[in-house]
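In what comes next, chain A is part of two complexes: it sits with chain B in the first one and with chain C in the second one.
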Partner chain A sequence: MKKKLLAALMAVTLAASMTACGAPQAVDDDKDSKDTAQTEEKKEQDSGEASEESTDGKTTITVICHQSRSNIGEGGFTTGFFGALDTWQEEHPDVEVKVEEMDQTAYQTKINSLGASGDMPDLFMMKGSWTKTFVENGWVSDITAELDADQEWKNAYIKGGFDAATRDDKIYGVPQESMSTGMVYYNSDMWKEIGYETFPETWDELLDAVDKFKEKGITPFVMGNKPNWPAESCWLSTLGDRFTGPDWTQSILEGSGAKFTDEAFVKALTAFQELAQRGAFNEDINSIDDTEQNTVYFNKKAAAIVNGTWFIPTIDNSAPEDVKAATKLAILPSVEGGAENQKTVSGGPAWFMSLSSKVTDPAKRELAMDLLKALTDERQANVTASMGGVTAWANPEYDTAKVPALFNEYNAMIKDITAVPIYDACMDASVIETMNVGLQSLLIGEKAPEELADEIQMEQELAQ
Partner chain B sequence: MAELKKNAVPAKKVGKSIGKVICNAVLLLFSFSCIFPMVWIFYSSFKTQAEFTQSSTALPQALNLKNYISVFTQTKLGMYMLNSARNTILSVLIIIVFSFLAGYVLSRYRFRGRSLIYNYFIMGMLIPVHALLVPMYVQLRQSGLTNHWYTLLFPYVAFGLPISIMLIESYIASIPKELEEAASIDGCGFFRCLFQIVFPLAMPILSTVAIIQFFAVWNEFSFSLILVNSDTLRTVPVGLTMFKSAYTVDYPRLMAGIMTTTLPVMILYFVFSKRIIEGMVAGAVKG
Partner chain C sequence: MRKSTLKPKTRMAIIVCLLPALIIYTYVVILPIINAFNYSFYNWSGGPQAKYVGWKNYQILLKDTSFWHAFSNNIWIAVLCIAGQIGIAFVFSALLTSRFVRFKKLHRVVAYFPATISAVVVGFTWSFIFNYDYGLVNVILRALHLGNLAKPWLDNPNTIISVVSIPLIWQYIGYYMVIIMAAMTSIDPSIYEMAELDGATGVQKAVKITLPLIKGSIAVAVMLCIAGNMKIFDHIYVMTNGGPGTSSMVMALQVYKTTFIKNQFGYASAMSIGILVLSLGLVGISRLIITRPWRKESDY
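Then we have the complex of A and B:
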């Protein structure tokens, strides 16, 4: 009896809470929101936002990028990219281009979720190191045929520009920006004070310079390795190549024999650790980040910094005048008993514009490829370069008088330097993670080079 | 003896006041460490990028409003704020209503399956958000629920319910049943009893729930990033990340953005600060 009563009461409560939702006010709320929902939906349909495919005969192309319009005018590539996009849109009024913008960190989360749920936008940006996964998952379209049909377009990029987006001779993406990650930016005034007119060309000279700076109480190189990629991306990618040579790296990428435990790579790690133990770096190496490191260099507390080409506009915009004038470019010195070619620097395009495998309709594919071309060829590259951005397009046209002086210096010197792969742009993500975290310990002497090499090799075997 | 006593008293007093000074100094230092970031963001937002890179702590050389102008003209932060505000207000209201009703029933009635329902809700707290991102996206996508103004309400309410129900359930259990019985004897109906007797008594815990959920929803990032594609539906946390470009961050401009978006929340906090602190204490044991 009692139970029945309770059950009845429960039912009543449930029913009441569902219908009334408490007070009449809440009901009003509900109605209001429904009304707005309807009007909103109408609005969305009017502007063609809600519908995925064509409304009134318009084709829609969706694009997702790790760039944001709010940064136009600040970054060369951002400006070039959106400029080319808007021009293309004006030329194609019958096509609706829907762009989703975000920053790089958020982008990595989002693109993987979209891929996993089979909802990839038509055009997207793919990191070179993702090529393997994206191809295996069938998220990205093979665009070799289109590129082969347009040789002029295909051949206008820097040598090896397509490498990181190529798998089994099929091309899956077109490069846009390019970069060198391991450039040495040094304050020539400070190096003169210890007797170096130019940046040292051999490793021994470098070690000698480190000692001299230490005596004067100046940090030779500042590194903000808290985000843990600078040591690997900016230093080890180049330093590793000094010892191993590019064939070894290629073999690692293809999985054809080379190991991280090979003597040459261990030597590179050892040299890196010795440099750190000699006092070449700031003591708070693992607790400042890649923005804070700039402050140290700008305040002349450090004599040099090894950074990517993206640092050129930063120096131009933010460095004090005297530091800006004294800053010169170099590459890491050569080592004894290393690889044949010692004039190398890690570089190349890290990101590629790719076409989703979901675009199956030939007419739409043609349109999307046309847009992809506009976003990657000189229409984008010339603007990017004229703002001091390094492009994968081999010969962009720009006014040399209007770009930062360092950018011209870079373009002049890079002609004699061979680009070698940036580790994190092409190696497996889990291998890179182990390497990056391990390097933090290596540089403060908590891990031996051999030990780290073993760990990376183990991860490499797991990944293959 | 008298002398000794005389000496002893001031020594004790001195000791006491030294203790006070130390105590206060520690507390002052602590509160300074909490307030300083806000102050730092405030004055840094007037600096230029160059000033900031050269010294991140120095005061700005001139009052330059460039960053604020850029925030209001180049970005859609205002729209993001409206979106965040709408999501937050609606989510918190729905969470309060649902969790109050569910919490009340779960706490006052003993019926078959009660613990099953209760544990079902509690289990929601054990599942990490990131494990559900993709399934949730697929589910909402298939049912055509992504990219609407109400899309985010689903995950926000669903993830807000467990902790809220738990808090409210245990709080209502501590309200004497006799109050409701007395009301009932005087002829008070179920709903009147629920909303005029229990609801006001549960106010402290309800405001705790409201505060917790307000912060959770206002700051939520992952769902907002994944479930919504259209720029017109973006929320503040996702919008703020757009201030970062690929390799450089214009920190002063980002700080201007942070200032703009936190100011309304801070004003709200100061207006309701007494309530909020009371609410915090009410949930202190469980929260």
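Then we have the complex of A and C:
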């Protein structure tokens, strides 16, 4: 009896394991690849037919995005994105567009698991730093041919707009928003009280201002670094460049010699830590997030905040009138003994609209590309810009009288400022994670700059 | 095991009834573990290409200080939770089974209530309570003119493990209270009566009578507590995201980050298997310490 029970058990386990293991093809060896390719092809045809014929012969295009309809009217890009999407849907009643919305943190997890399980939606948003992994894993489609065939579309973006989504001269995504991540937003009234008519232009002046604010019991800069990217994306990407210059960053990206342990980068980390130890930031820097930090600035508990251009519409919509009127824009001050060009700010497109490699049917691909174009060209950009959002589309049309005042100020000042790479938009994701986590410790004095530089460099070597 | 006296027919019925659960369990627990074990031998970033690397992931894991740091955090949290959850639950149960407390049912419901709330909600609520500017803790301290004691509670890497353990302890006291109370009510009241006649105090009764008599249930509670704390994730993810730096990083969160942020699916699988082995080991050790199978019957 016991034996029979065991046999029955084993049979069940075996059956279950066979059905379950049939699905993931992730670890198949080369010898099986032919079979797999065939079955996959078959599967795709099946699923393609099934989805296309399911609802009255309608074609279905699935889209996944880190935007939410509830933010329409508040965020510039969100409004432009959904506006363009809805218009396209109206023009194509025979196509069913299925959109999945979520926040950015959840999106990151979701898109990777969808990719790993082979369920990538037709259109998705890809972060520049994911390009390497996504291309190597074959999750994203090469769209160079379509872009080349439509030069007018391709050339309408800002210079270098496609860079982060390009690999081996093949383009894998179209830029959506452009952004400067390291702008200084300061409350000019508060800075006047300590004797600064404008934002400090040198690092020493900045340190002096920090001391003066501390005496008055005001936090000079508020940072909500709990999600751990603000310190790197908004501060270090620009501050690092002040010391290293863009050639170093380029060399890191190409893997041609530069190291994170280089003196210039360590200097940047040291300066950042000194600024923190001088008392430049709020005490709860690692336990509030990037939304809570805004509230502190709005309540005049902090004199300045370093944030991306996405903050412009937020100030316009949410800040109290006096704070809104007093807020001015600046860039981080220059440092001594640093790079040649000190008038830089980290910026450029970080997110791209991409096409899944699973869209193989030519007719469907054409439709999906048409939707992708609608979501990235002037149909989206004009609305985004009218709300005060910075677009990757070079010349959006909007009414300068109706946009937030800060947006016009930004556009005027950015002409003389060079954009340098945003670290987390182009560097390897595992390097960025090590950097982000380490910066939390660095800013509270738990880790020495050299130690952090070593850790990042180790991760960089592992990644290559 | 007792030699069964069940009829073959009854046996068959039992097997048939167990089968669906067994199949589901195999599909959602056993197979993923086998799969993870398989993936752990590959250098895999989630795509179609996976490079076989043998035991290399495990070699890296053994030397990965961040993983062992996370493991030590897990151990710390487990120790704090065993002391906090089971200790407080024991005191509460002793009070609630005694004659001196009124509204026993109300107390029981209130104490169990937190265990029914989702971990994410608990995490959010407590991160508000610990907030530096507006948090309940600091507001109370300032109201009592103890403003200099007000701290950014979630920002100090030296105390963060104790701070994040508080919500965990708070949430599960009720859960262990139910287990311990059930054991306590099964103790024959005449034992207490005799002890009282001999002049035993309340504390003496609790320590010398109750505790030894419910040892079995305490053992189960300790085991559940260790197993639960090895897979703790949501509270920490919501409250600190493992920060500041990695000072509140726990193993499950590290696996999550390695998988979905660093895209190292293969290495993360090796980590998961590591967690499985460590948890099983710890639970086994705790069983051994409590049951002490090497002691002879006569020692008791």
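In this text, the second predicted complex is superposed on the first by the 407 of 464 C-alpha atoms of A that agree within 3 Å, B and C clash if a C-alpha of one lies under 4 Å from a C-alpha of the other, contacts with A are read in each partner's own complex, and residues count from 1 in each chain.
As a convention for this text, a contact is a pair of C-beta atoms (placed from the backbone, for glycine too) under 8 Å apart; a residue touches a chain by one contact, two chains touch by 3 or more.
A quick note: this is a predicted structure, and the numbers were derived from the prediction, not measured.
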First, second, both or neither for A:Ala106, with chain B first and chain C second: first
Which of chain B and chain C A:Met458 touches, first, second, both or neither: neither
Between chain B and chain C, more extensive residue contact with chain A: B
Partner chain(s) touched by A:Gly75 [first = chain B, second = chain C, both, neither]: first
Which superposed partner A:His66 touches (first chain B, second chain C, both, neither): first
Contacts of A:Ala429 with chain B and chain C, given as first, second, both or neither: second
Partner chain(s) touched by A:Glu446 [first = chain B, second = chain C, both, neither]: second
Which superposed partner A:Ala116 touches (first chain B, second chain C, both, neither): both
First (chain B), second (chain C), both or neither touched by A:Thr314: first
Contacts of A:Ala264 with chain B and chain C, given as first, second, both or neither: neither
Interface residues of chain A shared between complexes with chain B and chain C: 9, 12-13, 16-17, 20-21, 26, 109, 113, 116
Sites on chain A touched by chain C in the complex: 1, 5, 8-9, 12-13, 16-17, 20-21, 24-28, 108-109, 112-113, 115-116, 133, 136-139, 226-228, 282-288, 296, 301, 429-430, 433, 437-438, 440-441, 444, 446-447
Residues on chain A engaged by chain B in the complex (per definition of touch): 6-7, 9-10, 12-13, 16-17, 20-23, 26, 29, 33, 36-37, 40-41, 49-50, 66-72, 74-75, 77-78, 100-106, 109-110, 113, 116-119, 291-292, 294-295, 298-299, 308, 310-311, 313-314, 317-320
Chain A partner contacts - residues on chain B that touch it in the complex: 49-50, 52-56, 70, 74-75, 90, 93, 97, 101, 105, 109, 111, 133-134, 137-138, 141, 147-150, 190-191, 195, 222, 225-226, 229-232, 238, 241-251
Complex interface listing, chain C residues touching chain A: 8, 11, 15, 19, 22-23, 26-27, 30-31, 34-35, 38-39, 42, 44-50, 127, 130-133, 152-155, 157, 240-247, 256-257, 259-265
